[in-house]
Structure formats: C-alpha cells, structure tokens
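There are two complexes below, and they share chain A, which is joined by chain B in the first and by chain C in the second.
== the complex of A and B ==
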C-alpha cells in the first residue's frame, strides 16, 4: 500500500469532518440567534467565548493524550486541585503577582500530571484505570488541602478576576491564553518531528517502540503537559468564577472535555486527531450548552442533548470512515491486480 | 460461592509454582485489603463489627455489587459500560412515574427491569450493531440516560411508594435468630447465577474467548456479536434490578439517584482481578473486591473520614492493587526468560 494515498485520504476525511462540524456550529448560531436575539447579545457572546476558552485549554491537552492512545479522566479533579491551591496561596499572600499565581497553578497541575504519567508510562497501568483512580485521589487531596473551606471572591485579587473580563484590545487574557495554547499545539502537531512521533505512538505503540521511539518518555511528557494545561484551566476557572469549592470545582469537567475532543474527530483509539477539529468540537459543545439555556430549553434537556450530540458525531464519523476504507481497499486491490 | 477460577489457568504465567496457589493469586490484593480494613476498623471502634450497622449499610454496597456483576461480563468481553448508573436512574424514574400513574408496584418494578434491559440493548445496538467503541458510546449514553431521567422526573421526587415495598434493607432472612440482610442474600444469589453463567455455560466461555482475542474467537465460530450484546443487556437488567433495590431502600426517587456509582462499580470489578483489556476475570473476584471496598469505606466512615477522602483512598487502593501484582508478574517473567536462556 502506498502510504501517501493513505495519508491523503485520511486528510481529506479530516477536512470533510471539520467542514461538517463548522457547518453545525454555524447552524447552531443561526438557530439560537433567530430563536432568541439575546443569544447574539455582546454579553452573552463574551460569556460563551470565556467558557469555551477554559474548555479549549483542557481539550487541547486531552486531544494530545488521546492521540497517544491514552485517556485522562482526572482533568476535572486536577483543575479543582490546582484552582484550590492557587486560590489559597492568593488568600495567604495577597501581594503575590498574578503571573506567579498562574505558574503555581500550572506547577500543581504538572505535578498531578506527572503522577498520572508515571502510573501510565512507567508502571504500565492502563490509563483509563490509572486516571479513574487519580480522579478520586486528586479530588480527595483538594479536600485535605483546603480542609473543606472554600475560596471566596474576596480572597481572589481583582487583577486575577480581570483576566476573564479584560485585556489588550478588549480581548480577555483568558481568551488570549487559550489562543496561544491552540497555536502552539497546532505548530507542535503539524510542524515538529515530536508531534509526528506522537501520532506514530498512538497508531501502533509496539511498532513505535521497535523503531526506537521513546514511547515511555513521550507518554509521560504528554500527561505532564495535560496536567499543566489543566492547571492553567484551574487558574482561569478562578479568574472567571472567583470561587473555588472543593466539592464542585471542575466536577464532571472530564465529560465535557472528552466530548469536545471526540466530536472534533479525534479517534478514541489513538493515532489521529487535529487541533482545528478539537477547536471546532469545543466551540460546538460550548455553544450548544449556552444556547440551550438562552433559548429557554429546560436544563434537564441539556445533558440529554450533549449525550445525543456525541452519539451523532461518532455515528457520522464511522459512516464516512467505513466508506473511505472501502474505497481505499478497492484501490489497493486494483493495484495489486 | 461458585468455583469459577477455572478459565484463569491458561492465562497465568508459566511459573514453576504449584497451580493450586496460583489460583488464589488474582484475589490476594482484595483479600489483603479486606483483612487490613477489618482489623483497622475493629481496632478503631468497638462498633465496627456491630451487625445491625452492617445490616443498615450493606444495602448501598449490594447495589454497587449488582452493577459490578453485569460489568464483570462486559469487561471480560473487552468492552466497558460507563452508563450503568444513569441506566439505573432511568429505570428508577420510570418505576416512580408508573406508580404515580396508578400502576401497581409489582408491575412498575417489572417495568424498571424491562427499561434497564432495553437501555442495555440500545448500548448494544450502537456498540455491537454499528461497531462503535464502547468507551465513547457509553460515555455518551451516560449523559443521555441521565438527561432522560431528568426529563422524566424534573425536580419532582417520587415518594408515593407503598409501605410494604419500602425497606428491603431492613429485612433479615432469619428474622431475629441471626441477622442475615436480605439484600446481601439476593446479591449472593445473583453472584451464584453469574458465576454459573461464566464458568459453566457456553456463553461464559464465549465471553473469555471474545475478550482474549476477538478475531480468533470470530474465526473459531464464536458468535461474538451475540455474546457482547447479551452481556450489555444483562448489565442493563442488573441496573434495572439495582434501581428497584435502591428505591426500596431509599423510599423515594430523584433524578440524581445513583450519580457516580459507575466509577465505584468499575473499581470493584478491576480490583477483583478482571483485566480491563478483557479475557480475564471472575465473579468470585468481583464479590471479594466488593467486600474489600465495603470494609475500607465502613472503617473510614467509623473514623469520621470525609466522603471525598474515602473515595480517594479507594482510588489509591485500586492503583496499588494493579501496580503491585503487575510488577511481580513482570519480574517473574524476566526471571523465567533468563532461565530459558
């Protein structure tokens, strides 16, 4: 089989997909906008952008993890833990500069990610099990660290809260951070050798190992990166909500994040996935949940809708994938003959 | 309990140790955890071994155990079902709604079982019928089913359950002679049934073969589609049954019933030695692990440890229980390959 045709058909599949999700996003905006003009109101749009921004930071990390044929279920708990630690440091040392606080949150996240990375890469615990365990462990740690006392808005410095509402040219810093993460991830996955190796590891870990790729190191690295991004997400969570409750900061976030990644076309079995797809998937999830509220659909329908959208995405995906695979194998057969 | 360790043997490492001791190896982590937790609990409080407390508390674990029994089949097949707790919620909501609509409780309970099985069948249609990955499908139905329960019930709480239906967890099989909690008896009944299914029937053998190597099983004439679909439907049925048990224990139904139980149920299955990659696992292991988790959590409850911290410790146990035996196996393999050279 000629590897060039394979990659080009996969690429065209990817483009078709991305166009499809972009179409759905536009459609949703039109529908919500015509049902309730308030949806397109400035305040509502900026609220969408901010919540999509936080989700995006985590979704990019999760995409990289899933590309290596792993998964991180602990992201919501890591977000909660790093938000809590950062919030407490800010409470005790009010004069600490904002950027240092963000770095602390990212450091806490990276440490948590390193625990996941060691469990998965070194101890070889399947990632779904390891992070199922650390999901509970990091949540418990958040309780122990905080002694079950929440961080209140008066404990969060104004400069920190401003990150979610203001910035250069009126663009909130939170959104700029998310954009930087997206651009760096795009550059990493499409323009660097290590990025390509990530896909190689996910497509076939054994083969990658035999080719001499540092599977252990890269898997570990990708979990640490995921942790650091969840930490950044935690900092942005504090900026946006100015409150950290040990019981519900980031609770259930893993579902929204994984949905966004899967809707964005990343294969849950690793080896494929694009930054653009993930960006679109995140926008779809964010717009859907905001739009349903604005349009006045009872909150009870939201969870149902988010489940349905994942199902539709994967069904459409497998349908297109099967057709392309069939065409590919026909072409290969023709060439062999 | 049933003797269902048999399908293990082809999988164990060709170590030179005696077979008899090797059979117990997969259960050692949970047995050790159980013993340690019981000792800790007994030392820290004289009330730990209080039977009426065990009676009151066992109900919760029985429901987790019922979900875990179904999940054992699904995971042995190499699949996963994250939607069990949401399925439980829909089944309970349907039962409550029917009851309020004037349907007798017996019929409503039967309907809960049917709904549970039906939702399991829907999972199977997507996963087996359409060939979609079970992790993603059940992640979606986890949200979808929970949403359905919320749509059915809204903020409404169903409380109109008849007196005689409420409180199965307070019933003792032998009355006052000896406290034998009814739910526990039922769980053991279910466990024997599932143990029999797995170790004594063609369906059970198909499960192990499907989970070890789906392609090979297919080419050997195993009906893998039917095996996998059956496992999902049985899991759904157990979720429906757990919904009935839970409703009887709580005496009311809210749309958030059983939220998050899937994590505990999966923890129990994996702790019990079932391989998350399929092909390996036993009902006995799941039941031992259930008691281990129960002992740990109850001993923590009695020493006033916060709920989230309890969950965290169960998480630590899950990871340790996997890492330690795996490291031992790898070490042994290294030794035995050296010997071969």
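== the complex of A and C ==
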C-alpha cells in the first residue's frame, strides 16, 4: 500500500476531528442562544472569552505535558498558590508595577513546576502520583502563606483589574496574553526541533533515551513551563475576580484543563496532540460550562455534563482510531510478499 | 583493514564469568556472524563492542582507538549503530522525523536545522537502501521490515562504520529477509562492517563472510563461511554431536480429539476445517500474516468467530474456559507477552492456570503447587536454581519450556502451539520437539503453527498450508519438501 495515502488519511483524520469539535462548538452556541438569548448578550460573550482565555493558558501547558506521556494534576493548586502570593505582594506593596506582579506570579508557578519536574524527571515518580501529591501540598501552602485570610478587591490595584476588561482596540490584555501563548506554542510544536522531540519522548520514551535525546531535561523543562503558565493563569485569575480565597482559587481546575486537552484530540498516552485541537477543546469546555449556567442547569448537572463529554470524546476518539488502525493492519496483512 | 579488535576481553556478572578471554577482530567491509546458544555470551560481547559495557579485563580498539563505555548516542557518533529485532522508533512521528530527530546543532555546522527541509536527504538515504517508503509516512503504519529500513537509514545519516544487527530476521517474511540481505551486502560493499546475530544457520551461512562461534563465554573458533557447514557449526555451538532429525516413528492414530469445521472470523481466515486425532502432530504452515495465529486463538476461544464449529472430545467449545476445562491448552507465539508473566516466579507461572486443580475448595495449597512445579521443572529439564526464580531471568529456551510446562500440570488432550521454538537455541529446540512428540505418542495431540521450515518439515505427521486465510492444501510429512510447502503458501502453481 502506498504510505503516502496512509499519511494523508491520518492527517485528514486530524482535520476531521478538529472540524468535528468546531462543529460542536457552533452547535452549542446555537442551542444555548436559542434557549436563552441572554447567552448571546455582549456581556456574557465577553465573560466567556475571558474565562476561556484563562483556561487556554493552562490547557496549552497541560497539552505539552501530556504529549511527553505525563500529566500535571496540580495545575489548579499552582494557580491558587501563585494568585495568592501575587495578591499578597500587591496588598503589601501597592506601588509595585503590574508587570512585576505578573512576573512574580509566574516565578512562583515556575518554582512549583520545578518541584513537579524534579519529582517526575529526576526522582522518576510517575507524574500522576507526583502531581497528585503536590496538588495537596500546594493547596496546603496556599493556606499557610495566607494564614487563611483572603485577598479582597480593595487589595488589588485597578491596573491589575483592568487587564481582564480593557486593552488595545478594546481587546482585554488577558485575551492578548492567551493569544500570545497559543501562537508561541503553535510555533514551538510545529516549527522547532525541540518541539518535535517533545512528541518523540512521549511516543517512545525508551527509544528517546536510546537516541540520546535529553529526556530528563525536556521533561523537567515542560513541567517548569507548565508551572509558569499556571502562574500566569493565577495572575489573570486575580485580574478577573480581584479576590483570592485560599479554599477555592483554582480548585478543581485540573478537571476542566485536562478535559479541554483531551477533547482537543491530544492522546492521553503521549506522542500526539495539536495546538489547534487544544484551542478548540478549550472553547468547547468554556462555552459548555457558561452556557449550562446561563440556561439555568443546576451545578450538579453541570458537573455531570462536563464529565460525560470527556468520556464521549475519548470513546469517539478511540473508536475512530481503532477503525483506522484495523483498516491499515488489514491492508498490510493482505500485502503478502 | 581491521576496524575493531577485542583483545583478551573478559567480563563477570557477579561471580558468573560471561566472557572468557575473547580475541576477535572485525574487518571493515565484512559481514561477521556471531553464533552461539542462549547464554553463550553473544549479547554481552555485542554490548562491549558497541561500547555500552566496559570489559573487566582486556581491551577493545575501535578504529585504532581504545573505546570507552558510554551511551548508545555516544556509540552512534563514533559510527556504530545497533539494529534490534523490534526497531526502536517513534510510532507517532513520520519516517523523516524519526531519522533526523537527534540531529545535533554542531552536526549541521551550527546553522539552524529545519526538519521539514530534510525530505530530499531522506529520500536519498532511503533510496540507498532501495526502500520505497515515503519520508512523510507515519512509522506506526509501516511493517517491521520497513521500520528496520528506517532504523538503518537513521544510522546511515552519519558516517556509518559498524552496523550490529541483532536477530533482524525473526519477524520478517522470506522476501523481506532477501531484501534485508541485499541491503546488508550493499552496505558491506561500501565498506561498512556488519555484525550479524541470529539463530537460523541457513541464513547465517547465506549472508556471512566469517562466522565466530561462542560457547560458555569462550570463543570456540572463527571460520570462513566457505570452509564450513551447518553440521560443523552445530557441533561447535553445542560442543557435541546431535541428531538434528526428529525421528517420527509412524504414529498409531486413534480417535478424533479435535474437529474444526468451516471456522471463519471477520478478517483473518475463512472456512477452515480440520481434524486432529490421538497420537498426531499436525503442522500448520504458511507465510507470516496468513492468519494462522488468529486461527489458533479462535480455536482456543480467545477470539470471536463469525461462523463454524470447534468440537473437542465431542463437546462444542466457545470460550477459553470451555477449552481449558475440556482439555485444550494454547502456548502462544509471544511468550513474553501472552505466554508468561516475566516478572513473576516460575512457580507462579506454572501454578496460576492450574489453581482449581491444586487448591482445596478455593484455598491454595502452596506445598502441592511447589511439588507440581518441581515435577514439571525436572520433567522438562528447565534450568532454574529454584522454582521461585523469576521467569524473566531464564533464557528463551527455558522460558518456552515453562510456557509449555504450565499446561502439563493438567491432563490435557490437545496442545495448540504457535511458533514453539522462535528465538530458542538449537539444543532446546531439539528437546522441545522431542517433548511434543512424546506428548503425542502418549495418546494426545498437537496442533503446531510454525514458520521455521525445518521444524515444519521434520516434526509433524501431516502438514496443512494456509494462504491468505484459507487452507490451500495438505501434505503428508513424508512427501513434504520446502518447495512443496512454499508452492502452497504462495499459491505458485507447480
């Protein structure tokens, strides 16, 4: 069989999946819009854009982690910790410029990510265990550093709060940051050798070691990057809500983030995934959660729906994958000498 | 020109001496086979040659320089490449990406390296190997043979001086083997030295220029291919003469044990009928991919069928459970994956499928399990220090015996075996054949799938040949020749 057709089938499958997610996004907008016209209201749409933006920053990081055949469950706690530290610094030093505050949040996140990276890459703890541990540790640290006192809106400078509502051409800075992250990640994964090596590591870790790829360094790096992005997400969280409560800042975020990545077609076992898919997956998750609230679905059913949609996405994906693979293997089988 | 020289190389693992003062030279532009039974020290020697392991005594010179232990990557930059039986590639990446993924900045002269621009160079490398694979094909969809070519192409990217191929033909079809050998000869003629490790003597005699035989860590002799023959190589390998032909005393066939009628599945085989009688060994020949393994697994109840019937001792079989309790066992092709639990002890491997026999109303009886395992170990002459040893620590031949032995705890009537001696050394091979024969002679029956032509022609009483999922003919083993089997397997008319 001609290998070229194999590649193009595979590529077009990728596109088919992306078109499918895009179709579901449009369908959801139509359904929610017709159930409650308020969904299409300007205020609600901008609220969706802002919450999708925060989710997107984290989902891009998570996608890179999952491509290397790892996972980071601690993202919500890292977001909470960095938001808390930044909020407290802003409260104590109100004169500090906004960009420095954001850098502080990213630094706190990167440090937390480095802890994950050392556990996974150096100590070789399976990432699902390591980050399950740090999920609790970082949440605990958030309580400790804050003394269980929350950061209130009057503690957050107006310049910081403006990031979520205004910016050049009326586009909020938060959205611009998310767009920059997306573009850089797209460039990194499709145009650089290091990006390709990330896929190689996840595709076959043993072979990656054998070929002399720096598996340890790249795995560590991807967790640090994830941490820094969770820190940026924390800063944006403060900009948006102007409140940081140690008990619920970023709580349960890992579920939404991982759903977005997996719905976007990233293979949970590593080796494949695209930025475009992740962007679409994030939009789907963000619109679904906002839309369910707007049309008045109760909190319980919202969780039910987001869980169900992950399962549907994974089942549909593996179904299509299996069918394609079976077809390929039958064709190879028929090719007897 | 001497490319590599081992001088008095010795290596101990613990107190076991695995290599004993080995002197070996490899010339540029030769194909040098290293031959030996499992445990003779081949893989350790190869690791020392590649610089992955350093010898405890003696020296290794590569290209005139004493080589040091390092990584595979370090060996690659010296021009040494290892090709494994199962290529170590990245299934999610394309052929081109697999070849260039470890390109270092300094190798491209410090200039920015664009992976996407390597299409022409990739085509060029692949065409040197006569491979028609597209640089943009995803590796997951390639056959093992094509993947090996990609692996070799990745090695050719650099200045390749020494290629080490470790049992590369084990999962290839005959025509793929022919192609691999053509590529190996081409590389040799370009001055590359090739070390070939394998078990199939006829292949080794076909491809090698020189052959080195190892036994118990010692180099027995290095011979020129033209001056030796199979009998001599076998003698040197095992240190004594053995009769390679299994005597098949014309068996006393009894009643029918297993009868399969019109069995089909959705994709791999269709409309297969056969009968297996007491005292019989029935061989199932054909090309790799002709559906034999799938057929065997379906008979055992491990795969779903679309039509047909499997009767064992007059009872119909639908599931693995019914097959086992009816007296049928399957020894699968891939013992590491389906046949054994490598990380568990020999004892557990033998006990696990037989717990309802050895236990008392659901309570395990450890001493009985040990007695059973000990009995199997001594009956099959499995080389273990203790039945508590991990199965994964045994050599291939001994693992295969455990995989077979776990069924002998039960009083089975039929054993289905899939490639019973793949990756097993010659001594063990003979013993496994004798075991199967003894089993059949005791009034039981064996259905054996084999791609090893010699095994297929010598062991069974009767040979059925499958082609593209259908039975294409039957040959009594007395009238069978390699040619007659291949005719039926490939569908070439006489």
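The definition used in the following text is that the second predicted complex is superposed on the first by the 323 of 337 C-alpha atoms of A that agree within 3 Å, B and C clash if a C-alpha of one lies under 4 Å from a C-alpha of the other, contacts with A are read in each partner's own complex, and residues count from 1 in each chain.
One rule holds in what follows: contacts are C-beta pairs under 8 Å (C-beta built on N, C-alpha and C of every residue); 3 or more make two chains touch, one makes a residue touch a chain.
Given the structure is predicted, the values throughout are model-derived calculations rather than measurements.
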Which partner does A:207 reach: the first (chain B), the second (chain C), both, or neither? second
Between chain B (first) and chain C (second), which, if any, makes contact with A:272: first, second, both or neither? second
Taking the superposition as given, does A:262 touch the first partner, chain B, the second, chain C, both, or neither? first
Go through the superposed model and pick first if A:197 touches only chain B, second if only chain C, both, or neither. second
Under the stated touch criterion, which partner chain does A:29 make contact with: chain B (first), chain C (second), both, or neither? neither
Have a look and say if chain B or chain C is in touch with more residues of chain A. B
Where chain B and chain C land on the same part of chain A: residues none
Please name which positions on chain C make contact with chain A in the complex. 71-74, 76, 88-95, 97, 101-103, 113, 115, 133-134, 136-138, 140-143, 173-176, 267-268, 287, 289-291, 468, 490
Quick one: in the complex, what on chain A touches chain B? 71, 119, 123-126, 128-130, 132-144, 148, 246-247, 255, 258-259, 262, 268-269, 298-308, 310-311, 314-315, 318
The residues of chain A that touch chain C in their complex are 2-4, 6-7, 10, 193, 196-197, 199-200, 202-204, 206-213, 267, 271-272, 325-326, 328, 330, 332-337
Residues of chain B that touch chain A when the two form their complex: 80, 126, 130-133, 135-137, 139-148, 150-151, 154, 255, 263, 266-267, 270, 276-277, 306, 308-316, 318-319, 322-323, 326-327
